[in-house]
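Handing you this structure, nothing more for now.
To keep things simple, chains are lettered A, B and C as they appear, and every chain counts its residues starting from 1.
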Amino acid sequence: MKRRITQLHPFTVLCLAVFTVAVATAASVWWLSCAVIVMCLAIGAVAGKARKLAALSGAIMLPTLLSLLMIHGLASRDSSPVIAAWGPISLTRGGAEVAMMLALRTAVLVVVGLLCGLLIDKHQLVAAIDLSPAPPQAGYLLASTLFLLPQMMEKQHAIGEAQALRKAGTGRGLAGWLQRLRLRAVPLVLSSVQDAHDRSVHLAARGFPARGEHSRLRQVADSQIQRGVRWVALLCSVLVPAAILVPFGGAA
Amino acid sequence: MSPNLLLPEASAAQLLRRRVLGAAGTLLLVGTYLFLVITQPTGIVEGLGQGVALATFAAYLIAAVLLLLAVLPDLPVSALTLIPVALALNIILGQFVGSVMVPLYLDSIGTVLVGFLAGRRAGAATGVLSTLIWSLFAPTVLPFAAGAALVGFLAGTAARYGALRRPYLAPIAGLVAGVLVGVVSSPVAAFVYGGTSGVGTGAVVAAFRSMGDSLLSAVTKQALISDPGDKAIVFLIAALLVFALPKRLSGSFEFIRRYKVLGKSGNK
Amino acid sequence: MMDMEHRAPVESTSALHLRLGSFRYADADHDTLRAIELELSPGSLTVISGDSGSGKSTFGGVLAGMLPRQGADSCEGTFILAGQRIDYSPEHSPRIDVAGWARHLGLLPQDAGLYLSRIRQTVAEELVFARENEGMPRKEMTELITEFSTRLSLEHLLERDPSKLSGGQERLVALTALSAANPSIIVLDEPLAGLDSTATATVTAMITRLRAAGTALVVLTRTTEAWEAEAETLLTLADGTLRPATRTARTAASSSKPSGFAAAAASEKPLLAFAGVQLGYKGASAPVISDLDLEVRAGECVGLAGANGTGKTTLLKAAAGLLKPIAGKLRVTAESGMLLQNPSDQLFERTVTREIAFGLPKKGLQRARVPRILEQLGLASCAQTHPYELPASARRLVALATVLVREPRLLLLDEPTEALDPAGLQILNEVIDSVLERGGAVLFSSHDERFIARTAHRVHRMPRQ
């Protein structure tokens, strides 16, 4: 089962995600949103990533929820009963409901999106983009960023060590902080911009970006069924919300 | 078979296609924004709210992708290798700043840097890509791609018209860019998410709301408070970083040479 | 856009004919290269030597069509490559298709890692990156990989992650990827710098195989010793122009072994002492170094020898206080200063002077020492240059200068000879001597056995894992 999920074509996963988010947002009923979130966590558990998924989405959703409660709960202008009050500030029931609805809407996007990020193998995604009609630059930029990130973190660490050896950047207060920012940023930017520049000529010499057809050695498993699923999912993510919203909009 | 040693000239048909894509993206963005501001849809949660949320989300995202497709094929390889560096810098320097609890986001230093070094197209592409890739880790940023594109675009434009020739001009350009970006991005925050995602910014919006503002105007006012300052600092930092680069390196970017971004060449 | 005359095939048996009148970088005030004439025949080996900053890499770039950059550098000259004639003139430089050019002439850059795309998961994918861009069908690519990896014996690396290769392996992979296009000429910039003896042997063997297959090779190098036996043509690059080189071996840099100090040192107190020390990194399964016993006394110069990956850098970092031992006792009783393997990490100022004076009190004694240090390291002429604009050798000396201004008694050097040219080596030897003379100690790591033999009083060999 786990292998099944991780071996899906990356685009299939993405299309299904678009479909899920579109339908759940359009329907905007609390039980559907909750069901989607629970289902995502279950899939995450099957793939062995449930804990990471929960931690990451929690980190994003908590501040969002607080912010929404403040905006809609505290400053609500409706006359629904007050749940709690701290001096002049009070939280109304109507306001809290609005905030919860909005938070659920965002939560669906966050959980589904993060699940995609965790399920899709980055190299497969890059290969799939390369093999699609998208411009060849797109795959390069995605791949290069994902691989550069850990490398530059390491570089950042090495620079920190080098500065420590020179006993630089030990100041305190705002001036010290600015000094440290400069000592970190300047060598990092200098060396990485130089590296990027030197690299570019050799990339060009290796025929990048391809001007005509290009191919990939890596294979991305795909099937007729998955291709069908993708089209249906995309079509439905336009049609289903339209069907839900159009009569509704007329009534509102 | 003997491959050519010389490059062919660029064809006019390709150029036209890119123009059309770029124009379509811009139109979609401006159209959506105007529609939202003029009609001011209400009822965020019931009925219409979801339609507006989905439509705004889709329109901003599609506009950003169209703009990306328009500029990507034109970028020189030296800009292409620079973009990933910028994306990583956005994240790493953003983190360094975030770790000391300064109330700024500073998450666009790399984007602005590319705008300064490689021009507005590369800057815009960096903005969009930065958002797309960052969304793998934080999906909520997706519809802000258009705003990020605008940051890069404005940085490139500012550099082209001389914002880097004097150190004090950069933060001023940043201030102006911050106003524009704040205005353009607030409909996303208001209509897609119904507010903001930070606790501090949320408090500001709540304060404006309690003074009787509509959600959109409250969010816009909040953005106008925090964005210009943030962008002014980002533009200043990015400018200082560009000044720190050796002349030989900065001079190797065609954009810098062509528009004399750093002032008269030869003032070593 | 080129007229017919330029396209006309040229009668010639040589793989390349070049006549270069001059080459000048944008914003430079003199020609970096001038009056060069070069002809390469298939299967030949041409070795071009020159000091750091003499223009070897520049020449490599010109050969590979990467220089002059359009609209920036100015160049005058004529190429005849693959039967096509390309004319450069100051008014008009043709728009070169570097990818097409690379089919005929491949360049292995000085830092081979730059050649790798850094976006592929396995070496196999990296090898065919250029073919992918040409749209070669998958089946042909698989065959190509099999063919080249057996021919150049690279099978053991095919499934490895290209970003986790050692310097020597990186060079092998880049070289294989280069040759997969079957170019008639390959230019190698410093192919042996910084490699240990095993890696050197592997790279040399690969070069011999490529030559046997009829590829013309050009090697750009600081020292010719390793190549004199094989090369057909030996040239030196000096003052921007090529001259035939004399075949006599270069006299080794002077600096006889300063034996006097070693005897005196025995009685001194140790400045640095490891006793049963174990060193390792967080998250790694096994420690890098275990049961290390080493003492360095005042007046003593100790060399660390050992293959790649045996923990020389780790040891030095621990001595500098960057790494705490997991077990055992480490005692450092003197102010220490360390030169890192990669000098760029240490540099962040706009000029060499500011760089060296960074962080020193305005009116202190150390600040007053800056001009003398510049003089001592031969950097006085580039005091106002950006450190990044210096040639590799000088940049390394700048990093050394930033350490020396603080007059450490214990000097730690990680691969100090890497990137240094003969003049730089001479300066390094003088610096080591001066530290020893004023009662300090030096601990350095190196691959260069001859440098160790010449400089160190004592050698500590790192045990193989």
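Keep this in mind: a contact is a pair of C-beta atoms (placed from the backbone, for glycine too) under 8 Å apart; a residue touches a chain by one contact, two chains touch by 3 or more.
The shown structure was predicted, so the numbers you read here are calculated from the model rather than taken from an experiment.
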Inset, instruction - Using the contact definition from the top, classify how the chains connect: line, ring, star, complete or other. - result: complete
Legend entry - Chain pair that, of all pairs, has the most C-beta pairs in contact: A-B
Inset, instruction - Determine the centre-to-centre distance between chain B and chain C, using the mean Cα coordinates as centres, and give it in whole Å. - result: 39
Inset, instruction - Indicate the whole-number Å distance between the mean C-alpha point of chain A and the mean C-alpha point of chain B. - result: 18
Legend entry - Touching two or more other chains - residues of chain A: 140, 144, 148, 182, 186, 190, 194-195, 199, 201, 203-204, 208-209
Inset, instruction - Return the residues of chain B touching two or more other chains; collapse runs of consecutive numbers into ranges. - result: 244, 246, 249, 252
Legend entry - chain C: positions in contact with at least two other chains: 99, 101, 348, 388
Legend entry - chain C residues within the chain A interface of the complex: 61, 64, 66, 98-99, 101-102, 106-107, 109, 111, 114-115, 117-121, 124-125, 128-138, 141-142, 145, 163, 177, 317, 320, 322, 337-338, 340, 342, 344-348, 358-359, 388, 402-403
Legend entry - chain C-touching residues of chain A, taken from the complex the two chains share: 123, 126, 130, 136, 140, 143-144, 147-148, 151, 155, 158-159, 161-168, 182-183, 186-187, 190-191, 194-195, 198-199, 201-210, 212-219
Inset, instruction - Spell out the residues on chain A that touch chain B in their complex, using ranges where they run on. - result: 22, 25-28, 56, 60, 63-64, 66-68, 70-72, 74-75, 97-99, 101-102, 105-106, 109-110, 112-114, 116-117, 135, 137-138, 140-142, 144-146, 148-149, 152-153, 156, 177, 181-182, 184-186, 188-190, 192-197, 199-201, 203-204, 208-209, 241, 245, 248-249, 251-252
Inset, instruction - Spell out the part of chain B that touches chain C in their complex, as residue ranges. - result: 2-7, 9, 244, 246-249, 251-252, 254, 257, 265-266
Legend entry - chain B-touching residues of chain C, taken from the complex the two chains share: 1-2, 25-27, 65, 69, 71-72, 81-84, 86, 94-97, 99-101, 103-104, 348, 350, 386, 388-389
